[in-house]
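Think of it as A, B, C and D in the order they're written, each chain with its own count starting at 1.
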Amino acid sequence: MIVVMNRDATPTEVDHVVQLVREMGLKEHVIHGTELTVVAVIGDDRKKDKERIELAPGVDRVLRVLAPYKLAAREAHPARTTVRIGASCVVGGAQIPVIAGPCSVEGEAQILAAARHVKAAGGHALRGGAFKPRTNPYAFQGMGEEGLKLLAAAREATGLPIVTEVVAPSDVDLVARYADCLQVGTRNAQNFRLLDAVGRQAKPVLYKRGMWMTIDEYLQAAEYILAAGNPQVILCERGIRTFEDHTRNTLSLSAIPELHARSHLPVLVDPSQGTGHARLVPAMCKAAVAAGADSLLIEMHPDPEHAVTDGAQSISPQVLAELVVSLRRIAQALDRSV
Amino acid sequence: MIVVMNRDATPTEVDHVVQLVREMGLKEHVIHGTELTVVAVIGDDRKKDKERIELAPGVDRVLRVLAPYKLAAREAHPARTTVRIGASCVVGGAQIPVIAGPCSVEGEAQILAAARHVKAAGGHALRGGAFKPRTNPYAFQGMGEEGLKLLAAAREATGLPIVTEVVAPSDVDLVARYADCLQVGTRNAQNFRLLDAVGRQAKPVLYKRGMWMTIDEYLQAAEYILAAGNPQVILCERGIRTFEDHTRNTLSLSAIPELHARSHLPVLVDPSQGTGHARLVPAMCKAAVAAGADSLLIEMHPDPEHAVTDGAQSISPQVLAELVVSLRRIAQALDRSV
Amino acid sequence: MIVVMNRDATPTEVDHVVQLVREMGLKEHVIHGTELTVVAVIGDDRKKDKERIELAPGVDRVLRVLAPYKLAAREAHPARTTVRIGASCVVGGAQIPVIAGPCSVEGEAQILAAARHVKAAGGHALRGGAFKPRTNPYAFQGMGEEGLKLLAAAREATGLPIVTEVVAPSDVDLVARYADCLQVGTRNAQNFRLLDAVGRQAKPVLYKRGMWMTIDEYLQAAEYILAAGNPQVILCERGIRTFEDHTRNTLSLSAIPELHARSHLPVLVDPSQGTGHARLVPAMCKAAVAAGADSLLIEMHPDPEHAVTDGAQSISPQVLAELVVSLRRIAQALDRSV
Amino acid sequence: MIVVMNRDATPTEVDHVVQLVREMGLKEHVIHGTELTVVAVIGDDRKKDKERIELAPGVDRVLRVLAPYKLAAREAHPARTTVRIGASCVVGGAQIPVIAGPCSVEGEAQILAAARHVKAAGGHALRGGAFKPRTNPYAFQGMGEEGLKLLAAAREATGLPIVTEVVAPSDVDLVARYADCLQVGTRNAQNFRLLDAVGRQAKPVLYKRGMWMTIDEYLQAAEYILAAGNPQVILCERGIRTFEDHTRNTLSLSAIPELHARSHLPVLVDPSQGTGHARLVPAMCKAAVAAGADSLLIEMHPDPEHAVTDGAQSISPQVLAELVVSLRRIAQALDRSV
């Protein structure tokens, strides 16, 4: 921490800050500039509340120097982490797996058809929601355990591992029994109890960034999962809230190289949630791969127009099949594969 | 809904939209403009997914006409709702109660001192967190049930009703046993399971807006609580995420008259979270009252500099006492009281 | 400046940073922490580009300690600045002048009627645009010099000083010939040539914050006017761009106490532009006064429904008259007047 | 336009809206729904102010159906526009030209070295600022005409056409005398006088999106240039203002397919301004090409660490040379070239 004193701070006020720093078990280094004084704090202050010093008399502001997460940080783990979903789908290596499927499981025929289309298009895992957090209380909330069983049947039929969302700590065991990878959605990105619960079980976690969270806050929250004991975390950029109105969210692809620079965890991109419009999804999938994404999560519905949820952002099986062909060419140009 | 067709939509595409509208049990009205065609949808389409139509061939976009919430809407309940916290504190009437106290319960002496300061300053209820959702996993997470007991003791000692946060559905019963009002925080604003759970118990709910949510999304989420059976909901503006960096959030006071226009529920403002800086709190409390707020939630700590959490945004007892005096004068100028 | 080195920065890299600091004519102070090294830079680095150091090998980031503006800063001028518009309207004192009038001058009858309504309501100055920066190229762009003449006639008739916008450096002399105060609009807030031009003439300047600018960037831009020689600058919060969709902009009232803390310049609020809806204007005017605003700029049209521009955010003469009565009561509660 | 009436609008209020529509020379179509009434407006209402109707009694809101720009719209010009910069650099075709160079012209040796590095790396045009709009009034403001002469000399020496910024209407003739393409920067994106001025001369215009502008507002502003007579406009995504703090702006790549869908104008991306960090530039260049960008604008400095402006976001000549090789491979995978 660097404590910047007010221009008119008194020596007593500076001494008081020094006192507070020492109370925290840290050391100080006082620097008298030409216009004002700063106190550099020495020691591991990651777990110290800077607010206490911010409030001391004569303090203008406090700047953090150390990132407030440890397990998620690249320094903690210089090699890149790879996360395995099921037997065959590896996220974080040279291959860029495509995880596709409908927003919601709607019935046996639908999810089986979807799984077969994903398989045929060259996809690597099936997504589909059985528990849906919906903005509107009157909208369809998912099939629950019945949906999980249908996902398992689709896995049986196609060999594709399955990724599905969990929305409450009390559902974690149930969902983990069926899924190959648990998804935590954007609206639960700071539901710390849920992060803790998925951190205490053994399946990998696809953890989406909250649409309001800075990269720093996101990695701190990911740290909850890691600190609870689960190292298999896939980060996910899925768009942030901005003033733009041509998309539902603004997909912030610079998050990919930034997360790779700060963390060892693999980074997946969700261009369906990230734009909200099927017509923008192919371009943003290509852009995500070119920017270094380790995997893609794509909404695909066998019959988008009759999708019960999120039809507007679901692409059709044919568009997916053509997209995978394009993505393969781009991946190859980057010495990777799809 | 109004369906705007593309400029080059064919008659077959328009017919197909008409078909989809009828499949939804609604009626259509086709209008051929000089440049393009629109299909007006007639009937209650609040619970219909507009995405299905958005994806039909030839459709440019779909505009909603009816607000997607019913119980929270002003039409549903033309009189203003008042919510009672404990015996004496009424939110939504002519009086503007001040709810103050520390961010976290830290111990018996601290919370008792805080309660006495709130009482002495003329406050109407005590706030204090026993379960804390913290950005950083290594930060203090609250005292849990022990904290609830201390809050109850503070109520005993001062007569002030207590408001405290609940962060998981499985804690709702426990917290409701001690609290006079349950708070749902900004990070859980779309934790729909939690909204449902607080909707299924009898204590009033202080429900904070998610820092990423539009007014429309916020009222839809409030509808979860109402639809689960609890009509005692207090809305709360506590700042939104913007590019501004001089505050932690941007307190959007126009939400007050807007929420009052759309809903019958009372509106409280939290200027402590809404700014993140104790020095900005008094001015924003005054502004909130002048803009029509029905109540204020203020972080006050007997010794802000030694607060375990959120010290930087906590005001001191003396500042609170002076502030209440100012607020009384402003309330009076508006024919209200504090 | 505080230069934070990477965790694995070499001694050579630290030496290189020290070298760069010295090249800039500044001194350095190297602090070896337990985990990383920081270099504190000593001296007035306000006019130094920190980017040069940011790019040096081994540097993680550079934090500024000194605010990058001098003339606008409170330290430069501990007493509050008051700005006089015409003979009678003083901004920055105990009185809070109301500046009202139509968005655009539309004709003689309209502007005279408007001026009389402002006068009758108790307003202190007349606003009205003769040069209009319009989002749409096909929209009405203002009456130009003819509009300025009509404003002057309205001043003649009522005694109200006039505030009007200037949109190009080449128009500054013309507008200054008629106006009592020149307004620079939000879209021109970083049109530095225009800021320089209004800084080189003698009339006061009402300078609106760009809807994308932080407080820091805003005060730096205000510094352009001050540095060109004109100390009579009125700052103006008029709403920022955020994700909210119930208002055209989000009026950020915490800017008032923040600007007062950092600068000696008076702060005015424009709740008409700041919300975009006439129905929200009265509440936000009251809030602005309660938060400490030194003046208000309000769009009022004698016949809002037939306004050529910005009708939706213009209040009627009757609403203005009632509003001024309310504002007087609130101002009184704050020991000020309207 | 679609006029949505309030739930309790009276027949007289509906009639009044019909009246207003007819006064505008348009036709109406009244639709009585089960819960409320809407009035569909028929005719070209692009140049009509919807605010007038928004303010009529009984009106809830007014929704636009027609985009408020004509010349920039794709319908006006179904074939894609290509813009030629100098003799050889064509933007909008199969080839994706790379326009690179320093933020500012700093001297003869610097700009000549930069031009030679751009040429050697395979770039197609040279960028460099002679007039610089700087956030800080004390920062270097550019070399002016002397800088333009040096750019012309660099063109002479390398054959690369030059792109340079113009910041005021009165400088347009001067800059157009030297430049092959005039740039309008983000801070001047709604400086309508400047847009008009660059629209009245013959050189192509690289027109950057304002960091606060929606796509709709951006295309309306581009319309100013087109309407003034200059059809050679290159659109440019350069990042928008959001809450993210790991970049200076958030590069919104979904703007590329969106602008292509709405307009016939070519779309360029500026990943240097769009991120503010040299280390993020290569990934975002690749992503932009994959998303369909027609050209790239890249800050490259022969000696970034000693750049007078924007060093932090400038890449080195070596990084540029390697980047062009990567971009060629990606372009090829998309059947384009660099």
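Going forward, a residue touches a chain if its C-beta (ideal position, glycine included) is under 8 Å from a C-beta of that chain, and two chains touch if they have at least 3 such contacts.
It should be emphasised that the depicted structure is a prediction, and the values quoted were computed from it without experimental measurement.
Under the touch definition stated at the top, subunit A and subunit B share these contacting partners: C, D. Fewest steps needed to get from subunit B to subunit C, stepping only to touching chains, is 1.
Among the other chains, D has the CA centre that is most remote from the centre of subunit B. With centres defined as mean CA coordinates, subunit D is found 38 Å away from subunit B. The distance from the centre of subunit C to the centre of subunit D, with each centre set as the mean of the Cα atoms, comes to 26 Å. Inter-chain centre distance (subunit A to subunit D, centres taken as mean C-alpha positions): 31 Å.
Within subunit B, the positions touching two or more other chains are listed as 212, 241-243, 245. In the complex of the two chains, the subunit C residues touching subunit B come out as 212, 214-216, 240-247, 250-258, 261, 274-275, 279-280, 283-284, 286-292, 326, 329-330, 332-334. Across the interface of their complex, subunit D is touched by residues 20, 46-47, 49-52, 54-56, 68-69, 133-139, 167-170, 187-188, 190-193, 210-212, 217, 220-221, 223-224, 227, 241, 278, 304-314 of subunit C. If you check the complex, the residues on subunit D that touch subunit B are 2, 4, 7, 29, 31, 33-36, 38, 40, 42-44, 63, 65-66, 75, 241-243, 245.
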